[in-house]
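Labels for the chains are A, B and C, by order of writing; each one numbers its residues from 1.
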Amino acid sequence: MIEQKLKKKNEFVYFALRNKKLQIGLTVVLFFLVLTFIGPLLTQNEPFAYVNPGGAEPPSSEYWFGTTFFGQDVFAQFGRGLRATFLVGLIGGGLATLIGVVIGFTAGYRGGLVDEILNLVTNIVLVIPTLAVLLIVAAYLEVRTIFTECLFIGLTAWPWAARAIRAQTFSLRTREFVDLAKLSGMKDRKIIFKEIAPNMMSYLFMTFILQFGGAILIAATLDFIGLGPTDAISLGLMMQVAVLWGALQLGFWWWFIPPGFAIMAIVGSLYIMNVGLDEVFNPKLREM
Amino acid sequence: MSLHVENLALYYQTLRGDVKALERATFTVADGEIMGLAGESGCGKTTLGNGLILLTPPMKFIEGCVKLDGVELPIWDMERMMPFRYKEISLIPQYAMSAMNPTRKTGKMISELLESRGVSYKDTLPELKRRLDLVELSHDVLNMYPIELSGGMKQRMVMVLSTLLNPSLLIADEITSALDVSTQRAVAKMLVEFRDRGFVKSVILITHDMSILYQIADSILVMYAGILAEKASTEVIIKSPRHPYTKLLISSLPEVGVKYSEKKLTGIPGSPPQLLDPPTGCRFRDRCPVAFDKCLEAPPFIELEKDHFVACWKEF
Amino acid sequence: MQRYFGRKLLIYALTFFLAVTIDWMIPRLMPGDPITNMLSRTSVNVENAQVMYDYFERVFGLDRPVWQQYLNFWVALFQGDLGVSVYLFPTPVTKVLMRAVPYSLFLLVPSILLSWYAGNKFGAFAARSKWLDNTISPVGYILTATPYMWLAILFAWFFGIVLGIFPIAGAYSFDMRPHLSLAFVGDVFWHWVLPFLSLFLVGFGGWAIGMRNMIIYELEADYSHYLEALGAPTKLIRKYAFRNAILPQITGLALSLGVIVAGALVTEVVFSYPGIGYLLLAAIQNQDYFLIQGCFLFIIIGVLLANFIIDFAYVIVDPRTRTGMQGGAE
């Protein structure tokens, strides 16, 4: 049994390393991640400092991404903004995954009335356009931090994860090995951890990646409207300020193109990675 | 009217190499014969059955010749097989329960299928209704969605549908496996009825259930690890098998009325070889109680008596 | 079918109830006197301030017991009274909203319908061959990963400023008055193209990817194999696959309305397009809570209505719901 499990793990690693989509996606994401860490080190400018008296200037050897309307270093902002992006993805997406897993799994495993009620709750939260709710809540809060944003996102994005996990739990629950475990008198909790969880691991991971990407997009939208963190710079905020101060009309393309491009690249790579992971975990999808 | 297969070899293409699922298959199914195709899981019977009608990747055609009613079947060519499918050779799949489109009424689906094959639904309808009566299905089922039918009803529906155009050869893949015993009997009887009435000429009945074969099969072809082991009439296979594998298979069947204390059930120790890199020589040799040194060479499938083929050195 | 609709209506009713309650609760949960808070942030001169204070005090009904305030809120809601806008005082909120709704619908409805239709057709097309799939799929993934506002910004900058083909602000030129003439209609259309296009493309990517996945799933289903074995032409098998794959796409449409609305909101902001989104932003910047709440309620009602319409469409398309059996609508 253990040899089979090891074999399976090695099999996954073997295919994972060779999957083109994973390779490309992971490379891009890692590139930006590395940039997050070394970016602030590559320039001594603070994101909000007015370093260029000449105002907005296109990219040069001194300011790699140029400067903003106020003479701030766009690259410095970009580097810090990336950090906010990854944080939101990780914590916001992670929280959403966690809640979704707990609710989805309980609903799928227990079934019956518990499932009905949880399903109702999930559907309600699903129907409500989350942005509208977040707008209402965020508009009234004076001070917002990155963590409040993560909290908002986690508390509103979980239904997608819950649905997916519930469906997967349903299909696993009726499989023979669970019945076998139940017949042999295993306690429920043990069944969950020893029999079902390992089979769900791959699915959980893929759900998390989707939530990660989704959280980044939601955060960008919130930041753009002006409901993001009040104490930090983020990619969405950069775009908001740029548009507000006429970067479009004045043609300061270096100010608004990088932030959005980074989001598109990161989230797109995450999605493609997800497809690759699906191929790795589901042998049927592997190309011959 | 008959099926003649000569030296057929089919492999599965996988990332680790080719799985040699079927090799050197040579046999004949006579007109009107119900031939049972028996063996353990993974012995190649489904590969053979499905390969004859729908050879799609990852299945790969290696070599061989298949002739139905004297005409060669180009089983490796999806396009050229089209005219034969459904009309000359048909299939009752293993997944009959989910073989029908869930969002189409069965009657509608049948009519669309027939029309797409150039057969008029209107003209075929009276015959269709007669056959539904035969399997005791009300004509109303044509107006229902598959979800409204029970398992047994779906099975019968698929049986009728698959044989509607009177194919020469019908491949029935595990058609009784998912049913309860009394329904199994009913379905088996139906199959014989279809053959007797000429709806189908010959049948290859794939199953791991020997008892069904004993009931309705005229002959049985036993397979092991992708190789044909023995073929003979049902009577001979059950009463006087010659291949060691067949002998063990038959003796491992429980008999009604016999108690365990009187006669122990014997299984066959070990498991079949994996076919990615099959052993040279006879593939049964590792589990065979009478294997000897000649077995390192693969035995040919030889007709020892009339219509009795065996692939075993010990028997030559 | 009754069960199906009954269930949906229950969800919508509960959702509406919850949304309205949140809407009513939020300002009351904030610390301090909500009215002073509100007024202190708007730039309003002293005489007006007192008038407004009295007015809002009455409207908020802070002198009455809580449960009565809550009930009054519902009553006012059903009378179509959403309060008065602070930043556009004394225009009632409902009136302000009604001016903006047509523009939002003008953007949303065509982009949703067209991107859904085109995306699904394209996704099905991509599933035809491996080559097509490998070229089209990445595009789809990247499009759906593109933030709505960034694509809007990109279009506005490139086609609006750099190439100068399209205008990038407003629903029509400032020097025009709304009247029925070819020139005006053309002008409105010209202003509409870019925001519509950016909304369309992002949605298109998502639907194409979704459909492609669903089609592949259906093509690998048992019924597809059976038809293939019986020699059915590829055309028939694809037709069945498409018909079956559309069903979850319909459900998906209802579920993604929230995201689409958010996308429309930010697109309006970029193009200063006078829809609900643009209005909402102005309300937030001016701390006009009545207007914010009004927009919120409007969006909620709109989304619930759209959900209901889509559910209706689903029943028509999935025959299984009509036979009383639960379809795959879950």
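Brief remarks on what is shown
Heads up, the rule we're going with is that a residue touches a chain if its C-beta (ideal position, glycine included) is under 8 Å from a C-beta of that chain, and two chains touch if they have at least 3 such contacts.
Quick caveat, the model's predicted, so the values are computed rather than measured.
Taking the mean Cα position of each chain as its centre, B sits at the greatest distance from subunit C. Among the chains in view, A has its Cα centre nearest the centre of the complete protein Cα set. Chain geometry summary: the mean Cα position of subunit A and that of subunit C are 22 Å apart. Each chain gets one centre point, the mean of its Cα atoms, and the points for subunit A and subunit B are 50 Å apart. Taking each chain's centre as the mean of its C-alpha atoms, subunit B lies 55 Å from subunit C. By the touch criterion stated above, subunit C contacts subunit B in their complex at residues 221-223, 225-233, 235-236, 240, 243-244, 247, 318-320, 323, 325.
Residues 50, 53-54, 56, 81-87, 90-91, 93, 95, 98-105, 112-113, 116-117, 145, 147-148, 158, 162 of subunit B touch subunit C in their complex. Every residue of subunit A that touches subunit C in the complex is listed here, in rising order: 120, 123-124, 126-133, 135-137, 139-140, 213, 217-218, 220-221, 224-227, 236, 239, 242-243, 248-249, 251, 253, 256-257, 259-261, 263-264, 267-268, 270-272, 275, 284. Within the complex formed with subunit A, the subunit C residues making contact are 10-12, 14-15, 18-19, 22-23, 26-27, 29-30, 137-138, 141-142, 144-151, 153-154, 156-157, 160-162, 168, 220, 255, 257-258, 261-263, 265-266, 269-270, 280-281, 284-285, 287, 289, 292-293, 295-296, 299-300, 303-304, 307.
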